[in-house]
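In the two complexes below, chain A is the common chain; its partner is chain B in one and chain C in the other.
After this line comes the complex of A and B, so read on.
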């Protein structure tokens, strides 16, 4: 049975502008439409409800192709938005049953939206990930004569201790990296390192951080990260940066408050 | 060392994208916003999809260590 319910997805909100007609299409190739909610505008697309209702998300929960294409559509619009101005990204998916409920939600949350807008004004997000390249191999018992059970235990405990010391050293170096990069950012968050199952990389991720950076400071930020990356290379750390991203990690109130509490 | 690049949607890894677009962003409750459980379901689903490819890589890595 065809459903004629309207489903509106919100990509994010920004200050009103008139040039969005030239922007790329969003999710499901839908055009981006502005919904004015003084003093901001919401970037939205009308989506076919049968393809994007909650049940559809459950159906596609294991469908990496579907998720990837939807996420890319969402990100494409926000990427166009930060190239044009400051945007507060909404989480994917943010679906509303009609213009009325969308306007009501924006009105009810006007204070939060204004606060988020102030926090990200003139700023963008940069991601920095650090991978460990010196991961110690398995215990090499052939390098030492191991004749008895106690020989083995001694070798084993020496190995364990060396590994613990190496871990501590990496932990300290990563913290130093994070703090030095944080010096030239407005706010920072450390997210849980991505699971190797999802990152698809064999090197363990030891830092998954996001930084809120003044647009004007981006060159200095990149220079600083490259300097740190060069220095870290010989310490068994691979430092990678990407950006500018819409401020995904600094839009939500709770997360941003946590970021401010970081030393 | 890596050279930072613009985060255009073409060259961003899926996990990186989902981490941000689903894990971040403002949550303004509407009438059809997915619940946390639904979002977790999406993550769980993705793990299941991507796990086999990684397991293959891991076993290759293990062989490399043993050979050296």
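After this line comes the complex of A and C, so read on.
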């Protein structure tokens, strides 16, 4: 690929005529530029092609510093965007070789973009994670009179059964949490719980969900989650919420369709 | 908590209710958005509008683990402009060397899986540029 090629990255699309004055810079500290593409407006940056051409992404795919900083730049612009209005976030990276090809791509996908915009209009994403805090303890052999091998086996099987029952109970409680929160959201997605390595927590994550919430309902949403968090604490569950996020989880057609109602 | 970055404050104005003090149960503001959360979203979610330039992305799980391995300190994160997770417990927890060997093993396993995936998807995906060739 020639290195003098123009590269345009798209952060997302918004309603036209959104004021982007004073927004933070995006990826590689590039300024954000609005590209009108009726009936929407794309938030873009022109990136230096030698640093962001596909080969560069492959080169940097394992360079956490590079990737983390690029991801932060993308997210920074989208955070500014949801403060200013409704935005359909694009996945990172969304690269186009020039204004012409960008306009063509937006045109070709106008229906999908419009549908996504309709879905997220007046709404933002909130994340809710639930961690399990009731680590099942080790078999306490001291407390029971274990004299024979069969005593041990009986104690052991009793322990296994107790654990299975605890698991079922947790499963039901998490499900109830999810459904109660879902009651005051427009749509919901459950993602794979993050590994402790990713979550940075020792407690196992049992729910990693995203909810699409009306902007006007955010206070009610928070109150509801807080109530659930309070109640769940004594049941061995730690509930955490974060937001508002750009509606990352509800921008893509397939995912949002799958999300309409899940158990 | 030290002062959040100015980017963060821009993010916090995104919704009306986020300004009030947070409850002991909920962290309902942008500081709770960890780097892993951001990566999980920006690399894996969002609408995909295929253009003339395509980049094939590696497994998100591998990427985020590597981030955790390499982002060893808050200072480093500040350099990267991603220090909003400064208050997160993991930042201090991950600074120890305790599970680095374990992480490295996991990365190895994931890389092997990626290699296998790449071999199969190279055969199925073909060349990357359907848009351009159709014009």
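Just so we're on the same page, the second predicted complex is superposed on the first by the 246 of 263 C-alpha atoms of A that agree within 3 Å, B and C clash if a C-alpha of one lies under 4 Å from a C-alpha of the other, contacts with A are read in each partner's own complex, and residues count from 1 in each chain.
Heads up, the rule we're going with is that contacts are C-beta pairs under 8 Å (C-beta built on N, C-alpha and C of every residue); 3 or more make two chains touch, one makes a residue touch a chain.
Note that this is a predicted model, so its numbers are computed, not measured.
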Joint occupancy of chain A by chain B and chain C, clash or fit: clash
First, second, both or neither for A:43, with chain B first and chain C second: neither
Which of chain B and chain C A:244 touches, first, second, both or neither: both
First, second, both or neither for A:230, with chain B first and chain C second: both
Chain B versus chain C as contact partner of A:74, first or second or both or neither: both
Contacts of A:188 with chain B and chain C, given as first, second, both or neither: neither
Partner chain in contact with A:112 - chain B first, chain C second, else both or neither: both
Set of chain A residues, in rising order, touched by both chain B and chain C: 7, 10, 12, 53-54, 57-58, 61-62, 64, 67-68, 71-72, 74-76, 79, 88-97, 101-102, 105-106, 108-109, 112-113, 116, 127, 191, 194-195, 197-200, 222, 225-226, 229-230, 233, 239-245, 248-249, 251-252, 255
Residues on chain A engaged by chain C in the complex (per definition of touch): 7, 10, 12, 23-24, 53-54, 57-58, 61-62, 64-65, 67-69, 71-76, 79-80, 82-83, 88-97, 101-102, 104-106, 108-109, 112-113, 116, 124, 127, 191, 194-195, 197-201, 215, 218-219, 222, 225-226, 229-230, 233, 239-245, 248-249, 251-253, 255
Interfacial residue positions of chain C with respect to chain A in the complex: 6-7, 10-11, 13-18, 23, 25-30, 32-58, 61, 63-71, 76-77, 79-82, 88-91, 93-94, 99, 102-103, 106, 131, 135
Contact footprint of chain B on chain A as seen in their complex: 7, 10, 12, 53-54, 57-58, 60-64, 67-68, 71-72, 74-76, 79, 88-97, 101-102, 105-106, 108-109, 112-113, 116, 126-127, 137-138, 191, 194-200, 202, 222, 225-226, 229-230, 233, 238-245, 248-249, 251-252, 255
In the complex with chain A, residue positions of chain B that touch it: 1-9, 12-34, 38, 41-42, 44-51, 53-54, 57-58, 61, 65-66, 68
